[in-house]
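In structure tokens below, several structures.
Both of the next two complexes hold chain A, though its partner changes from chain B to chain C.
On to the complex of A and B.
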């Protein structure tokens, strides 16, 4: 059974003068235990809002979210607390999310209190958690400012693990780290997953990191998924022109450039006033008349992934496999 | 070819509450007219401090302890205030990671562009306004003439960075230093800004120093690359050499830790243990020794000198190439 099931999720924000921004506009996906689903897209695409809605930090305007088989809409009080043990979040900047006045040990212990672990068992468990994320247990007496960025991110992960969650949302969790430290944290996340069957919702704007971290990848544009498939499908043979442009724009070390980099002019339009038809059509080099009027739905295209594009090639008869 | 910019054995020291700290420890390089030099490094490598020292933009806590910065043979570190002001903007310009730090949020875009033109090129108000609109149009700002009246906050991050590039190149500088100019931008917008810098600098024959933590960005833009670590240059060479046949164990590890966009992926990424050295006490020997898989006794005792493009006891001895 899937640990995360999201169906037609909608998140709206009200702005002044009654303008409603559809930050997330009908998003559906699942995450299986032990699986990493990557959520990629440019700033303003709604990818972080999806994670916040899943954690009930933001309340959805519509759709259904099941975490661990349980519908999270309407959860209150103790039930909401119990649910939050199922799903945890690790943020981009651990310095913002760790209390600077609390020792590392106390920060991790908080999670154990939430979980209801008796006081006598907590110190041993704190040591165990720190060691599990590759930190010496002696660090428990230190404060966040005494740690390096990578160590702080390990503490955030230890704290998230403290409640024994089934799924962790990593929101740009390695983006602020130095390149040489980033690889350590990515490897740690994989180790933890293999040990305990954790699922990750891995949000990142960095596509090379995404390719390593994620088993399946969903590409978001202006609040909607435009493509979702396995890593090999999305990176190997992307079907949506937006995915193609996004991948082509990644500067790869050593790739000699011939001609301009740009495949995609302009910037994403405001989600407060999305274009009619396919939201990508004003920037799409292939757009035709139908793209300006009819919004394409996600459908299986050639290669097997789901793509929301009128012009993506249809599947050949023998390869109609849903990812 | 004569160097446009020549940096020789630069040492920059910071005063901190915990004592002095040397952020740049003997950095030397030169840039010829029209050349593109990349400086790659992680936090604490000294790459940004080097750029600030060259531009004479160091904060009050920092001092250039020794070394020289020469621009067309002139001693930049000895420029009096008014000469410095004439040089910056007109002959040497800088673009920062966050364009909001170089654009005044309270001043309309138009005035910020015309200010530079009037000060350095002596244009009158009308001519400067016309030129400002042209410049914004050249960097791809739609409806440029009308947008001169807008404030920076009404521009997106990508648009602000275009404005910053427009201001930087407005007086056709001979040298442009760009410090992580695209790090805060989305990848498609990053491509647009890099293309823009390509076009502007190619047209003007400007020498560019591009500073970035991203070897991908640097290698698609630069002719030559310096790799910095712990306040020193540990490897330098052409982009092909650095990316295709890196010699320093740090450069190799850095390249190895970036997941490939095509082909098979390893089960685990090759990673470097520990973190880059930050301000504070520094052990003797090579700064990278404590994280280096190849370190020998000598590496912990004697700081390696730059020889033949690499500062490493082991790489030079072994001469191995991957």
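On to the complex of A and C.
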């Protein structure tokens, strides 16, 4: 059974004068235990909002979110607190996601307090958690400003692990780190996954990180998924022109480019006033008449992934597997 | 609460750290010493005072009825009523410090609780608390105090309550603003998604970040409370008359400074010393409690 099931998730922000921003507009996906789903897209595409809605930091306007088989809409009070142990998040900013006035040990310990662990057992568990993320237990008495960015992200991970979650959302969790440190953290995440079957919702705008970290990849554009498939499907043969453009923008060392380069022009349109039809059509090099009027839905395309594009080639055989 | 150490050694560690930093910080050391002396003087006033602070002494006035200058039997001279200035100063310390510390302490506690509650929960709670602070702040402070005291009657307790009733709003407003931005910080979100209760978030994650602002406001507030009391005394609704308070003494002294400057200087210097000591000690305390402040060596 999938640990995360998201169906037609909508998150709206209302602004003044009745303008509603559809930050997330009908997103569906699943994450299986032990799997990493990568969620990629430009700034403002709504990828962080998806994670925040899953964690109930932001309340969804519609759709269904099931985490660990439980519908999380409308959870309140104690039930909400209990649900929160199912899913945790590691945040982008290692400088702001830990309380600067709290010692590392106390920060990690909070997770254990939430779980109701008796005070006597906590110090040992804190040491254990710190060691599990590759930090010396002696760091417990330090303050966050005494740690490096990578160490802080490890502390964030230890805190998340403290409540024993089934899913961890990593919202640009390695984007602020040096490349060498980034690889260490990604490896740590993988090791933890192998040990305990954690699932990750891995959010990043960085496709090379994605290629390394994700099993399946979903591409978001303006609050909607435009393509979702396995890593090989999406990176090997992207079907949506937006995915193609994103991939073309990733510099590949030593690669000789074949075929015409797809270049993205301009900024993504405002989600407060999305274009009619396919939201990508004003920037799409292939756009045709139908793209301006009819919004494409996600459908299986050639290669097997789901793509929301009128012009993507249809699957050759019916036997191709849906991801 | 830290995982790695039991509580008791941490308290001892903290005290040792406080002592060490105090020895390195001369202004703070002097300030703390001054505050300790002031408190001792106030507590021991009956033992230290050479005379009865409320009694008019025949020797306290010159043949022409003028106050006696400092020296001799009256170390700091006498006031125009022939009362001993030093004794009044010592007893006045009781009144002024009590008002400064208690009124301001009350205002701080109420202001912090109200400000944190309003800022953290927002919505209706915030609206109600903010409108109350608006209402109180829309009156001129002095006028508001005078109006309240004329209803309740002047006494030291009422002066304390009235000052607290006015001053909490200023702190509440500042704290609310800080909490509004603090609660959006990522570490607060992270803690909330962990499933930590609101009360614990407010006490363990919001409050520690407010400490510097609270210390600054509280130490400045001690000064303003003492001064407000002196204004109230001047109008005649402060601490009832024969009792001494520094504010009252300054007001007295102001009228006679040409013939008897000691009347102004004695309580004035005490006021300045107190206010300065509170501020400098507050700065020291703020640095001490900030783990990110570089330790001065």
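Following the convention adopted for this analysis, the second predicted complex is superposed on the first by the 311 of 323 C-alpha atoms of A that agree within 3 Å, B and C clash if a C-alpha of one lies under 4 Å from a C-alpha of the other, contacts with A are read in each partner's own complex, and residues count from 1 in each chain.
Basically, a residue touches a chain if its C-beta (ideal position, glycine included) is under 8 Å from a C-beta of that chain, and two chains touch if they have at least 3 such contacts.
All values derive from a computational prediction rather than experimental measurement.
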Which superposed partner A:251 touches (first chain B, second chain C, both, neither): first
Which of chain B and chain C A:163 touches, first, second, both or neither: second
First, second, both or neither for A:140, with chain B first and chain C second: second
Touching partner for A:315 - first (chain B), second (chain C), both, neither: neither
Chain B versus chain C as contact partner of A:181, first or second or both or neither: first
Contacts of A:97 with chain B and chain C, given as first, second, both or neither: second
Touching partner for A:105 - first (chain B), second (chain C), both, neither: second
Contacting residues of chain A [partner chain C, same complex]: 55-57, 80-82, 84-85, 88-89, 91-93, 96-103, 105-106, 108-111, 113-114, 122-123, 126-127, 137-138, 140-141, 143, 145, 156, 159, 162-163
Chain C to chain A touching residues, read off their complex: 1-5, 185-187, 189-197, 204-205, 208-209, 290-292
Residues of chain B that touch chain A when the two form their complex: 42-43, 156-159, 186-192, 194-195, 198, 213-217, 219-220, 240, 243-244, 253-255, 257-262, 265, 267-273, 275-276, 278, 291
In the complex with chain B, residue positions of chain A that touch it: 42-43, 148-151, 178-184, 186-187, 190, 205, 207-209, 211-212, 235, 245-247, 249-255, 257, 260-265, 267
